[in-house]
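Remarks on the structure that follows.
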Amino acid sequence: MADIEFQPLDRNGIAARIAQDIPEGWFVNLGIGIPTGVSDFVPMDREVIFHAENGVIGIGPAPAPEDINPFLVNAGVQPITLRTGGAYVHHADSFAIARGGHLDLCVLGAFEVAQNGDIANWARAAGEPTKQVGGAMDLAVGAKRLWVAMEHNTKGKGQSRIRRVCSYPLTAKGVVKRVYTDLAVLEVTDRGFLVLDMVPGLTRDALQARTEAELIWP
Amino acid sequence: MADIEFQPLDRNGIAARIAQDIPEGWFVNLGIGIPTGVSDFVPMDREVIFHAENGVIGIGPAPAPEDINPFLVNAGVQPITLRTGGAYVHHADSFAIARGGHLDLCVLGAFEVAQNGDIANWARAAGEPTKQVGGAMDLAVGAKRLWVAMEHNTKGKGQSRIRRVCSYPLTAKGVVKRVYTDLAVLEVTDRGFLVLDMVPGLTRDALQARTEAELIWP
Amino acid sequence: MINKFVATLAEAMAGIQDGSRILLAGFGAGTPELLMRGLIEQGAKDLTLIANAGGRMDGPIAELLATGHVRKLVCSFVRADSEAGKRMQAGNLEVEIVPQGTLAERIRAAGSGVQAFYTPTAADTLLAEGRETRVINGRNCLLEYPLAGDVALVDAWQADRWGNLTHRDSARNFNPVMAMAAPLTIVQTRHVVELGAIPPEHVHTAGVFVQRVLHVPMLHSPA
Amino acid sequence: MINKFVATLAEAMAGIQDGSRILLAGFGAGTPELLMRGLIEQGAKDLTLIANAGGRMDGPIAELLATGHVRKLVCSFVRADSEAGKRMQAGNLEVEIVPQGTLAERIRAAGSGVQAFYTPTAADTLLAEGRETRVINGRNCLLEYPLAGDVALVDAWQADRWGNLTHRDSARNFNPVMAMAAPLTIVQTRHVVELGAIPPEHVHTAGVFVQRVLHVPMLHSPA
């Protein structure tokens, strides 16, 4: 395989790629991890309104250290700013937004995505000693569109996270619309993963070789 | 019967009698009709907080005609004032208060009350050409205490509204704690209506003669 | 730049389909009366109107009903001596009576992704006849489903170009709740303000729930 | 005269019983840390703690857990490397994981008289195992019950003597919702204001939901 001829995106690169596809006017929730970085790549004059589960509507750029407001954090408990036109709501109202279909888009990280749109992002096994559900199950079923941002393959063994069937416990069934990885952009369709984009230099064969699910092409 | 020796309360008299029994600090919803008048008989220095279904917390005295604010009405769509310390909430939050057990007291008018605490106050027959439910069913099941204010007997035929069993369609089952009429104050107990108070000059026999349900005495 | 303001009443009401479910806010105050007039002019038929009450012999609800464009009314209260009451008795209007708190909660459910809920309100009444009930913690409860609109008509005191709203005094009532429960929420506002003029902790209805805003400076009494 | 202010932390925490269910608000900001210290000092045992997350190796939740007074934790998130995670793995702490939105909605249900509700959240996951589900409009939904507290611990920015509160910025989070869902809501506030100083359209948590308020002027960072 001609691996030397392409350069996988880094985490910021994935975030920037996603940012390209978000039009002005969308109301968007960004999960913890790669997704949080997406807002850095949306120019302020393209008005996209970012929501955080803890009741923040209209997240602005990260503050300078001397401007940190301890009363203002995002869902990852990082200091943030609020942009002009933003608003605060309480937690039940915030999840009314998330669960009630008011988010044009939610971007989550994941361990695995399956070709039927299943997502697994909270546990690697049923009995593991961590229970990191948070708001992901609410966001996954509630948003109008769910996109996933993740590395295409696991770090150690290089196993594919793009699956025929998820092997980890599910976060939600059949909800993922699109996956952005360091290698490609995949749309979940009735027939399986449709490749919308690949990093320059990557071949169809090389991508399929790194992917457990069968890929389809436009 | 020695009818000439007692004077039934008028509607204001019933309201004033109820006001006597409301202690400072209670949070209270007053229904349309006789109950609306109760607040006029609670002195401002006894702090009782009155709630209206349309999201008003802390109703004050009625405004002078020149002070009417068209943006501020009660659940009967009458102009009101807000007292210092009051607040506005939206309709779902207002009924969260009413349905969530946060009202110390609700006072409603009624057509009939039964000795098991059933109340009928929205229709005189199943098929009648008016459907005046409003918020009564919510308030009746949601408040910590439900008191009823009404005339003891119907105007025309003098029939008893204090019943063994309600003859009109129910608003709610088993919720009335106390009834204030123009003749008496009745507590709903496991054994039936217990007479707590009567207007001066009224005899036990005269009250029972005007009451379909069997009364019990302290 | 996000800008939800529209210039004319016709633009505000454009595209409302026959058969739409219309959420109409207001309770003595806070009724978007001009938008109701716009709905009549727009001419959509076979409507379901969801409002607190069925109105009187005059006023915006009576005017809309008089067009014959409303097939069904969902509300908590119908007076016998109202346009709605007369049409109901004549068999020209289907009416669904919902207790006022259940009405507000069903609309909120539609806006917040709750697919159904149990409430003791009305469980032991005629309104429960033939419907699903369940005893929870010893209380008889009625199963209620969300009540969504295709369109919500909303009144505001202030609005900015993102659609953030404030509502004045008790004119708030159903406005924030109905704004949540329709994919097309149309607002009439007394005041237009700059983005950021409403402090973020004082927004009553967030712009995410609003699609179109029409400035109606002269409709309300002055203040 | 209604006056919900108490003078001391001991007075604020008085009467909390063994076996109580404690709602603890906060999400990075808005955590009533002094009241948590008061709860430890007060000494009630066999507690159920309901909070967004299980905390870390230090901080108020870790300190409370270290007393051994918490039997059960209900939250959306437990880190393996936290006091809660270690106690859970050692079998010393029962943990119920609830998705964050379902957690907020269950608490709101408790405060608003909803006896149960159906949500698609978590319906097709391990969290649904052995539980009641129902297909509504083609979506698999999970039946969820209200989550009430015996006591709610709440943080505020301003409070008046009726218990009306404001919350600052994103320190609002669970505070207004949890205040609704317990018969004893105890508040720590940074600022005490005169009755009427909070405009009626800007109250975030109405006094009806509040029983006791403790003034804690120095706890927060200055502002």
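Letters A, B, C and D mark the chains in the order given here, with residues in each chain numbered from 1 onward.
Quick note on the criterion: a residue touches a chain if its C-beta (ideal position, glycine included) is under 8 Å from a C-beta of that chain, and two chains touch if they have at least 3 such contacts.
In this text, all values refer to a predicted model and were calculated from it rather than measured experimentally.
Under the contact definition stated at the top, the chains bordering both chain B and chain C are D.
Simply put, of A-D and A-C, more C-beta pairs touch at A-D. Chain centres here are Cα averages; for chain A and chain D they lie 29 Å apart. Centroids of chain C and chain D (each the mean of its C-alpha atoms) stand 33 Å apart. One inter-chain figure worth recording: chain A and chain B are separated by 55 Å, centre to centre, where each centre is the mean of the chain's CA atoms. Chain A and chain C have centres, each the mean of its CA atoms, that are 35 Å apart.
Residues of chain A in contact with two or more other chains: 82, 88-89, 92, 95, 98-99, 141-142.
Looking at chain D, one finds that residues 105, 108, 112-114, 119-121, 167-169, 172, 200-201, 204 touch two or more other chains.
Inter-chain contacts occur between A-C, A-D, B-C, B-D, C-D.
Those residues of chain B whose C-beta lies close enough to touch chain C in the complex are 52-56, 69-74, 77, 82, 88-92, 94-95, 98-99, 123, 126, 128-139, 141-142, 169-173. Every residue of chain A that touches chain C in the complex is listed here, in rising order: 24-25, 27, 45, 47, 49, 51, 57-58, 82, 84-89, 92, 95-102, 141-142.
Against chain D, the residues of chain C that register as touching in their complex are 105, 109, 112-121, 134, 136-137, 139, 141, 145, 166-169, 172, 200-202, 204. Against chain A, in their complex, chain D makes its touches with residues 27-30, 52-53, 76-80, 85, 88-89, 95, 97-102, 104-105, 107-108, 119-127, 140, 167-177, 204, 220-221, 223.
Within the complex formed with chain A, the chain C residues making contact are 1-2, 108, 110-114, 160-162, 164, 180, 195-196, 198, 200-201, 203, 206-209.
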